[in-house]
């Protein structure tokens, strides 16, 4: 499909809008739940929202790291990928702006590196958590029988709980970008782009070349 | 079907009774679990009860905001909508009356605006939380393969956890009406009608005109 | 099938054994998790165990209240019902005996009426919680598409969280009988038989005569 | 298939790699979540990761106890079993090494017998918890309709919450071996091999000879 045609298709714009709305809802739910001083509450709220959204809005990605992994494995055209990325960031910034007005206190919004650890440790945990999340996303896209929302939501909760004490468990650059723009706190912000993107791309390549049903040595060397 | 015929059909009354019983059970479970001083317990109990009821009683709405959204999108006749609304409120009031007798302390029953925030902030969170809940409900009604109860229950838990610190996370006017009538505490009660209804109607229109599989520009302008 | 034949069928004894093992596992998981001073831990552990067992052991009842409700609605023969009841109680007593040896402290094993409430309040909550649990069980048995274990587990968690602060949220006479026999603490033990059985029988009749797909006025009056 | 052929098949090595990756992810998630001082967080994270991995990586075992139970019931060849066991231990040791570098404090990594209890009590709880986990795994492998990941994840959470206060709720020798090697703390380490393996083998035999659909007295005596 030519770029012009793609831009004029209603399906294209609906998908981009769905990405913006999904990222807005995901970020909004996580920021609201972060007001409670318990590691479980934001993890559960974010995971369940991610699982629900994948049922409600036709499996949106809602995560720039996942979108980049799909781009790297040629599952998404460059134009669509760029539009989706912009929509995700716009949705997250909108959610963070609204949340700042509605939140009683905005110190909990920003994902931070644990005071007791280093940025390198946080980076490792973000890579690891996003790796398992994106591996799950790629696998569920290939298996019709698996309940996608359930697997995705579980992976988000597991990753957030595992990486939470070290990096806040973002796994999603958009979710970290929104609050950073709104509050102006950019400390170690690179961690939340480099970590998730590295983990996601690695997982996408691993799945495509090793674990996917049709993967083979030929494909690996192609 | 004429109004007279509808009123004489056993199916009509069974559905109305199911709405009353479902709202009674949902409200009862939430009020009982609210006796525990933890934000997670009522959220989990309410979400799991909502998910279970949607399996057990043939997908009742159990929520006046959802019923009004269905009315606005012409998915429910006016007569049926009115009967269902009355049944929901009756079920919730009955649950609250029983809960007051059985509860050791009724201060936790009423949904309140957080002391540190304003009614406007609570309103925004109720709109947001109900928006994502009703979007999910509309979407699962259209997709046969998605486990409805699971998606619905997850959305209830996510919404309650997100809006909880600000407004108590009601998303359901009947659940707020019951305790208000029984305890006589009507502070900011309008928030729990205006917020959920606005969010639900907005979500219903959004889904029908944008995200539904058959949605189109023509339908949008019709 | 004659009684003699039934007693000689391998299927009969396998089912009875499955009931004993399922009640043993359910009671053991709940008693172990009760060692943690948090209302969420035993509720989650019990509900997830109930959901898992219904997948693993061919949907055992594992609950005398449910068995009595099935007897009342003629879904179980008297002989099978009696054998199943005995097996459930034996499983629960065995689990409680083992748990007493393995637990560091057995004060948390027994379900008790809240010190701040009366036995009547605890009774009401047990009736209510068991009502919604058994309604779900009857409904999932009729709908092939619903994931039984998920609905059942959710109902157990929701009921335990709702009734927990008032009666301990037993909903299962066998689970209460085991620790009572082992520890000799029989305070208000009748609540945990009368409440669940009343709630379960009421739910069974309600479902059969009102909410079941084939229910009709004729059946109601038959 | 001859041993030589098996070793040259890509499928064999992909499965072994999947076991290593799955055990690495499971152990990493559990160790990360163990940094939070709450019994719920590691249990939920581990269970959800186990459920997700069973969707993502084609139902890996990721547990030496389960692999030994499959060997005992002749569901796995000796060569494959040995390779899988090695892969699991390697994955867990890798995860523990990485976790030690990335963790702020490694005292929570090792599964320990509760200070208030004895090793015998911890052993009983490990046997019991692994028994119900492996029973579920065998049953879901036989029933196509059950969502495997959901049942497996629920069983892991229920078992961890039940055995947690007594033994840490490992149910997985590899998950206990990794931190023991890395930290050099071997106190009561035998409990985490003997308990899970005994429980798993017992559950495998019970399922095959009693509860499996095709089980019969003849098979029992064969």
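So that you can tell them apart, the chains are marked A, B, C and D in the order they are listed, and the count of residues begins at 1 in each.
What we mean here is this: contacts are C-beta pairs under 8 Å (C-beta built on N, C-alpha and C of every residue); 3 or more make two chains touch, one makes a residue touch a chain.
Please read these numbers as outputs of a predicted model, since none were measured by experiment.
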| item | value |
| --- | --- |
| Centroid-based (C-alpha) most distant chain relative to subunit C | A |
| Shared interface numbering between subunit D and subunit C [over half = same, under half = different] | different |
| Mean-CA-position distance for subunit D and subunit B (Å) | 41 |
| Gap in Å, rounded to a whole number, between the CA centres of subunit D and subunit A | 29 |
| Interface hub residues of subunit B, defined as touching at least two other chains | 40, 147, 150 |
| Chain-level touch network, classified as line, ring, star, complete or other | ring |
| Footprint of subunit C on subunit B - complex, ascending | 10, 14, 17-18, 21, 25, 28-33, 35-36, 38, 40-42, 44-46, 48-49, 51-53, 55-58, 98, 101-105, 147, 149-150, 153 |
| List of subunit B residues in touch with subunit A within their complex | 39-40, 47, 114, 116-117, 121, 124-125, 128-129, 131-132, 135-136, 138-140, 143, 146-147, 150-151, 154-155, 157-159, 161-166, 206, 210-211, 215-217 |
